[in-house]
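Shared between the two complexes below is chain A, which has chain B as its partner in the first and chain C in the second.
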Partner chain A sequence: MALRLLLFLWIAAALLAGFLWAPLASGLGETTRVLYFHIPSAWVMAVAFTWSCAHSVLYLARRKLEHDDQAAAAAELGILFCVAAAISGALWAKAKWGEYWNWDPRETTIFFLFLIYGAYLALRGAIEGEEKRARLAAVYSVIAFVTVPFLTFVVPRLYSSLHPSPIVPQRGEQDSIDPRIAVCFVAMLLGFTALFFWVTSLRVRLARLERRRERAAAAAGGTA
Partner chain B sequence: MVLGVALLVWGLIFVYLLRLERRVRELEKR
Partner chain C sequence: MPPSGSSSVAAVWAILRKECRSEWRTRYGINAALLFAVATLTAVSFAVGRLPDRTDLLAALLWVVLLFAALASLAHTFVREVEGHTLTFLRLVASPAAIGIGKLLFNLLFLAVLELVTVPLYLVLMGGPPPRWGPFLLVLGLGSLALATTTTLVGAVVSQARGRGALFAAVSLPLLMVVLAAGVSGLRAQWEGNPAGPEARVLLAYVATVLGASLLLYDHLWED
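Now for the complex of A and B:
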């Protein structure tokens, strides 16, 4: 409980600091605030899909349904944070570019990721039998993950984009961001990551309960 | 305004997650 309260206060404090203490970044103006939601959301999306892939590999190696639960929960949350990143990015785009959606390379690749992992959930929903579903979903998840670094890091750099390139300053770069912005940004990044792992653990526990209930119902049906 | 909405939304999400966790714990004990 103490950890949960700490997380609540951590994110609330980061929000307050981001709005009241940190200055606005030059060139971004008021849209700097979007940075505290948009980049952590995109970061957690990448963490979630990586977590999903890692547990899919573990499932294929060990055949324990616990890993399948983790992979599914992470993929679901990855999609949720993908949508959060897309919405916050669209709000930023409206303020800076005048349109919510421009099919910019970044917007296009995040849309592809949404479709790829949406198909993962559709695949899970279409297969009967937990072992078969877990096996096929794990194979799909591993293949789908190949596209994540490609769509996140490679494609946006291959094509010219209006999206601001590295917000986080490169080593030795003169025009670095204000340290107060960096503090709020890193605090939100850590807070969102902790939130992801908390919600993933809740989703996994729910999946375990659902399985227990289904097995109890099947056993009751078998004895009737 | 935006800060207020952000804090309110975060508070609601947090309370929802706490209630969900409590319910999950109850179901796990059964």
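Now for the complex of A and C:
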């Protein structure tokens, strides 16, 4: 309970500091504030999909349904943060480029990540039997994840992009970021990451309870 | 006892021959795919007319036609096994990797036949500039290999799910975006007289990654 309260206060404080304490970055103006939401969302999306793939590999190696619960929960939350990153990016694009959506390679990439993991959830829904579902979903999750670096790093280089790059300033450019902006940004990054792991743990506990209830109902049906 | 190298090659060869023979007996897969490809090509050609100087559209539409035809047909090698209840017998005589590679080679052959009809017809109907055959065939060949590698594994997964027809396209397409992006960019580059080497390298890396992952994952596809 105390940790949850601390997390809530942490994110609220970082958001308020981003609006009231940190200055605006040169060239970005009021859109600087999107930085505190957009990049942490995209970061958590990457963490979530990596977490999902890692637990899929663990499931294939150990065959414990706990890993499948983790993989599914992480994929669901990854999609949620993917949508958050896309919406915040679209708002930024409207302010800076004049349109919400331009089919820029980065926008296209995030859209296809959404589709890949949406397909993962659709596949899970179409397979009967929890062991079979866990196994086939794990196979798809691994094959989906190995294509992600191509979408994230290679495709944007084949087509010209308006998206700011590099996202993280190179060495020597560190001075150009105001330390207050950096503090708010890192605080939001940590807050969002903690939020992801907390909600994932809730989702996993819920899946465990649902499985226990289904098994109890099946056992009661068998003895009746 | 794990199968020796020579027995694995023999198993792959036997599966490839079996697939070719099954296809030759019914021919419904290749006939449907060819009809689908030609119908799509006709619709595209009728809608946009001849495109002698739009190399960007020429490259994109060729890959769209090939992708549609592939997605309409490449899952059928596994679906045929599931619907005919022959997969269990197949697993008794060959390892999962041998089954996967045998079916991958068949899908590749299937795509080659499809392209042998579709591509010349496309070039004639769309009236594009003559391609530089070396880079053109290199990009087309590597793109087809990438297409077959991905759809073979996804086909094996989806064939065990409900609603596999619609699901196969929905699950495969997002994974194939890299192939589509690199394939379109490569074909456009060769038509515009630019080197297609970077795109060929992307496709090669994609094939190596997906094929490597597939070889590790085939063992987990069938267990019950």
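Convention: the second predicted complex is superposed on the first by the 219 of 224 C-alpha atoms of A that agree within 3 Å, B and C clash if a C-alpha of one lies under 4 Å from a C-alpha of the other, contacts with A are read in each partner's own complex, and residues count from 1 in each chain.
The definition used in the following text is that a contact is a pair of C-beta atoms (placed from the backbone, for glycine too) under 8 Å apart; a residue touches a chain by one contact, two chains touch by 3 or more.
This one's a predicted model, so the numbers in the text were calculated from it and none came from an experiment.
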item: Touching partner for A:33 - first (chain B), second (chain C), both, neither; value: first
item: Partner chain(s) touched by A:138 [first = chain B, second = chain C, both, neither]; value: second
item: First, second, both or neither for A:154, with chain B first and chain C second; value: second
item: Which superposed partner A:220 touches (first chain B, second chain C, both, neither); value: neither
item: Which superposed partner A:11 touches (first chain B, second chain C, both, neither); value: first
item: Partner chain in contact with A:2 - chain B first, chain C second, else both or neither; value: neither
item: Partner, of chain C and chain B, that touches more residues belonging to chain A; value: C
item: Touched partner set for A:202, first chain B, second chain C, both or neither; value: first
item: Chain A to chain B touching residues, read off their complex; value: 4, 7-8, 11-12, 15-16, 19-20, 33, 198-199, 202, 205-206, 209
item: In the complex, chain A residues that touch chain C; value: 60, 108, 112, 115-116, 118-119, 122-123, 126-128, 131-132, 135-136, 138-140, 142-144, 146-147, 150-151, 154-155, 158-159
item: Residues of chain B defined as touching chain A within the complex; value: 2-3, 6-7, 10-11, 14, 17-18, 20-21, 24, 27-28
item: For the chain C and chain A complex, residues of the former touching the latter; value: 150, 153-154, 157-158, 160-164, 167, 170-171, 173-175, 177-178, 181-182, 185, 198-199, 202, 205-206, 209-210, 213-214, 217, 220-221, 223-224
